[in-house]
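I have a structure here, written as structure tokens, and I will follow up with some questions on it.
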Amino acid sequence: MNFASDNVVGASAPVLEAIVRHNGGALPSYGADPLTLRLTPRFRAVFEHPDLAVVPVATGTAANALALSVMVPPFGLCVCHEEAHVMVDECGAPEFYTHGAKLHGLPGPGGKIAPESLDGYLAGLARHVHQMPPRALTLSQLTESGQVYTVEEITTLSRIAHSHGLAVHMDGARFANALQGLGCSPAAMTWRAGIDILSFGASKNGALAAEAILVFRPDLAETLDHRRKRAGHILSKGRFLAAQLDAYLDGDHWLANAAHANRMAARLAAGLAGIPGVRLAWPVRGNELFPILPAGLDAALRRGGAVYFGWASRSLPPGETVGEGERMVRLITAFSTTEAEVEEFLALARRAG
Amino acid sequence: MNFASDNVVGASAPVLEAIVRHNGGALPSYGADPLTLRLTPRFRAVFEHPDLAVVPVATGTAANALALSVMVPPFGLCVCHEEAHVMVDECGAPEFYTHGAKLHGLPGPGGKIAPESLDGYLAGLARHVHQMPPRALTLSQLTESGQVYTVEEITTLSRIAHSHGLAVHMDGARFANALQGLGCSPAAMTWRAGIDILSFGASKNGALAAEAILVFRPDLAETLDHRRKRAGHILSKGRFLAAQLDAYLDGDHWLANAAHANRMAARLAAGLAGIPGVRLAWPVRGNELFPILPAGLDAALRRGGAVYFGWASRSLPPGETVGEGERMVRLITAFSTTEAEVEEFLALARRAG
Amino acid sequence: MNFASDNVVGASAPVLEAIVRHNGGALPSYGADPLTLRLTPRFRAVFEHPDLAVVPVATGTAANALALSVMVPPFGLCVCHEEAHVMVDECGAPEFYTHGAKLHGLPGPGGKIAPESLDGYLAGLARHVHQMPPRALTLSQLTESGQVYTVEEITTLSRIAHSHGLAVHMDGARFANALQGLGCSPAAMTWRAGIDILSFGASKNGALAAEAILVFRPDLAETLDHRRKRAGHILSKGRFLAAQLDAYLDGDHWLANAAHANRMAARLAAGLAGIPGVRLAWPVRGNELFPILPAGLDAALRRGGAVYFGWASRSLPPGETVGEGERMVRLITAFSTTEAEVEEFLALARRAG
Amino acid sequence: MNFASDNVVGASAPVLEAIVRHNGGALPSYGADPLTLRLTPRFRAVFEHPDLAVVPVATGTAANALALSVMVPPFGLCVCHEEAHVMVDECGAPEFYTHGAKLHGLPGPGGKIAPESLDGYLAGLARHVHQMPPRALTLSQLTESGQVYTVEEITTLSRIAHSHGLAVHMDGARFANALQGLGCSPAAMTWRAGIDILSFGASKNGALAAEAILVFRPDLAETLDHRRKRAGHILSKGRFLAAQLDAYLDGDHWLANAAHANRMAARLAAGLAGIPGVRLAWPVRGNELFPILPAGLDAALRRGGAVYFGWASRSLPPGETVGEGERMVRLITAFSTTEAEVEEFLALARRAG
């Protein structure tokens, strides 16, 4: 019953098998191997984009920070949600890779930036030399509160950003879960909606340590390889990243994994709905739940062996608050979560509730 | 017959098995798992050092650059050999991680810095505000020319560096090969000889993607974790790095691998010695050979399917030169190199020689 | 009638005369001249501090950014008011000089950070590797809203900061005006109240282009000279900065200048108090006024030749708002402001009011 | 008899008078004043260039580092002479402003890079991701050895650089002296010969603290103002820099100053030629002399009150060496050097020689 995160488990079976299968034999190093080279046509097919560039890395922080480093100059601003992972959980990686750009966090319920909020902020910025000019917008999909931007919202936000001269990045650490939540195509949720670069997450959904930076605007890809090298993010045995991503895409394995995780989250949510005193802070849109629990129930669950994190957020829906005797917590399901685990958790909750 | 590098092959069997074995089950992420935590006592035992800190990363470039970033301030100098990997092959990673420190390359045969060269350089530096102050020395062991520093040489160089206020780093991308070449203990070749931080390489000697920064001076370790996080080098599934390093150390697997690779290199060298017109630029001290071949032999070997790189170096022994009709090349053996491959290469050379 | 800023005028007569007086003859360059060397004992006497270090620079942005660069590592946080100059008006200079540290802005009326706000923020920060650790607090004295921290407030804030391991910086761009506003000694308002480094402003109060970084903790001064050099902020003809600062301190010229500017601000405020529909957003504590005017009066003043900036701030006192037909503006007086200018402005306001 | 540098004296009379003359009255700050705005047409006229951008700063180090920061990305190489000021005398300012670019120094007699040396170096660079790509060439005019590049040499070097995709910078700390030495027009020595950005020095030739970055390629100027601001190099009282540069250009004051300094250097050289045992390491091309003196003469000169620096250089003409009992020294004349000083020095030398 570990719902702490979708990164507490290892790789899915197909991904692990691919790592093993491609381990043998001599291959060119530093990404010149055929497996790595094949990633480009594969991703182009999945995203229906003829020119996208693929840059594999081992971590989501590296993917995000490298992506932002080609969008924001050292003296520029990057706009994000105030609770975005890049803002609060990466120990300044964006600042490091951009050489000092500033992140500006906008508030908004559910971890989402509202179009009027973005437009108002950008329109209100003074454009003189004392002010860092805004150069990028980054959206998290799923958000830190497990919510999704609809295709229409992404399109609107991108249009606003582009009209002010900003490029648009999507942090897709849980891209597959969001995609399954929306039920649209990868292209629809990204470049067709105005996304310029995507951090395509895989580690949280079946890979062991693999993400891909997908660049939809070729000009933004030009310096990425040199930046990746000097960050120490080109693995000498490139096959390791390539094998994972290859197996991840193969036979829509990634979509199946995310669909499963989302189903487990929905099942958890449905079960929790029947327990007195429990409500969800936000609706379930992917594989994350944020129940608000009576403190006693929280304690009983932990005593019973359930593992998860408490959660604090300023991004609650209007009118929602966490009461004195309540706790907000975060439950995350993964590709590997079983129905049995869900039911065990629910049974425990019912007994304690 | 691929002698291009020791990173053209995948992981050794025990390392791969460890990755698979530790894949299942839920474990805390970001390095809080028991396997990662166990690395510290394991490395302390191997290096006979009670306080060393272990920081695992996926690449040698990251290991080197992170290590230097805690030794050299942004306005400082780092002294290295002019052909060192950090100087010529990492696309400015040390400069990135140190925020602009300068590497100063000293010449010297065999990729080695001579004590008098180091002392003369440091003594000759002006110490005023216009001059970047020297803060670190980094030694490559094996060097870029496949040579080793003896324990005495390391001790002397460290003493000179320390006496001028510099910390000392060792780039041990091929640490195990050097160690087997010297036949001494890990402690003798490092901290007992004055090394403050070691980039302990594993990827070239059996791991898939794993290195460890070993810090022998606790004060230098203080900021390393934050620096690693903001560089995107903390893997969420820390077990992946830990499993590799654990298996790598287990039962002296790493030493056996290196001993094998070195034996294969010695066998290649012995075989080449009997071929007319072939000589080695430097003696074999580990798993690298740098034969100078007649151009025709070089062409014949490549036509025959041998894979390796040509090599240029200013670091030749006094009196040695590569003649007009000659080519210097680099041959590297690995843990996975077979006697059959070596013999096939030699047979090809004999036929063509 | 130019009340746009205290930097729209040149140098005061004694400062200008000192520049001219010290222009002749050969002197060692880069700050080795006797005039620069004399700054240290002079500042030590003024601040009653036996060990303070003096680092002169030409701009306030350089002073602030250099000061922060020795207090905050690249992966650290600097806490400031959300409207602080370092946060919104220096185009990322602190981020540049610190190599990517993050500024976190706290809200608070009058541009002031409240002790409970600081304490709550610091206590609430997670201390793990994903989070940038807080390392410095910077206070603006005068604040961006022209307010002063009392000695007690500075002491309390410094104590909180120190107890959490932060160093404390004061941005004293209008240090003299604040000091005259409080009527205390330079030592009382700085190091005796816990300030570790002060950006001692002079350019806004009589100098042409001169500020001094005053370091009260010797350990923080160690790297400052190398940092200043590599930022291009060591003038070859150091006499230029030294002559200004010497004349600025001489005979308490700086205090007289600030006292005059403050008197002119008080006179403006008193006059505006008698004009219907005009109120001050905050009380006058130095040489800055923030009147809220009927829009018609604002327009009439500008038509009549008065020069000043409109002002927006989230830092208004509780209950205060700028109404639909109102404008908040900023008026700044300087050492050179004359009573005649003040009266001319007030007469214009009375006619239009 | 101070020949230590051309920055040991203050401003020339016309420059000082301009500072005083423009001190009074209120003017917009941060470079929006009319005097600053007038610099652009003035420099465009002097350089016969319709689009050049002018960015005034207070120091040569800032001018050079800012110029390079728009030419070289953080992962790029900048080629310079191995003894260039940017390489050895700016404490890493280029590395700071470029965020970690690497300077690569080429050897060459007289501080000059030879075309074949540049071409060979650039042609020999591997172009893969492990290698920092070369992006700029910087030439010092006068060189560190007081030599000049001819217009033809600049043209050839620029053509080579451009053909490899590099932009070309000129460090003109002693631009006027070099120009007078060559006897050509400012346009001929710069953009017509391929220079893309010039650091136009004034502080060493009559200004107190003023340089101008002159950008001949408008695209390279786009980010310069934001970069300058975040470096703290926009003075609030912009008139100070503008007044100096205005007076410096006025009536060809700058050319007259340089011509005088060069004449004084020539006179010194002619006088030294008659003294036994004295020879010049390089011919005099501007206002710098590098005599090689008997050690006894050097000591006698210093005892007699002459002030100058000893000098070490690897850049001696072929065949030249500094003997055991000899000293190489550097003598610099300035706009303010008098014939009397020169004659006093020569008389002292003759007595001691």
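Per-chain numbering from 1; labels A, B, C and D assigned in written order.
Heads up, the rule we're going with is that a residue touches a chain if its C-beta (ideal position, glycine included) is under 8 Å from a C-beta of that chain, and two chains touch if they have at least 3 such contacts.
Everything numeric in this text was worked out from a predicted model, so none of it was measured.
Two chain pairs, B-D and A-D, are compared here, and B-D has more C-beta pairs in contact (counted per touch definition above). Averaging C-alpha coordinates per chain and comparing to chain D, the farthest chain turns out to be A. A separation of 35 Å divides the Cα centre of chain A from that of chain B.
With centres taken as mean Cα positions, chain D sits 51 Å from chain A. Work out the mean CA point of chain B and of chain D, and you get 42 Å between them. For chain C, the set of residues touching two or more other chains reads 74-75, 90-92, 95-96, 99-100, 129-130, 132, 226, 229-230, 234.
Across the complex, chain A is touched by residues 30, 73-75, 99-100, 129-130, 132-133, 223, 225-230, 234 of chain D.
Chain D meets chain C in the complex at residues 2, 4-5, 7-11, 16, 19-20, 22-29, 57-66, 90-93, 95-96, 203-204, 208-209, 226, 229-237, 239-240, 307.
On chain A, the positions that touch chain C within their shared complex are 74-75, 88-92, 95-96, 98-103, 129-132.
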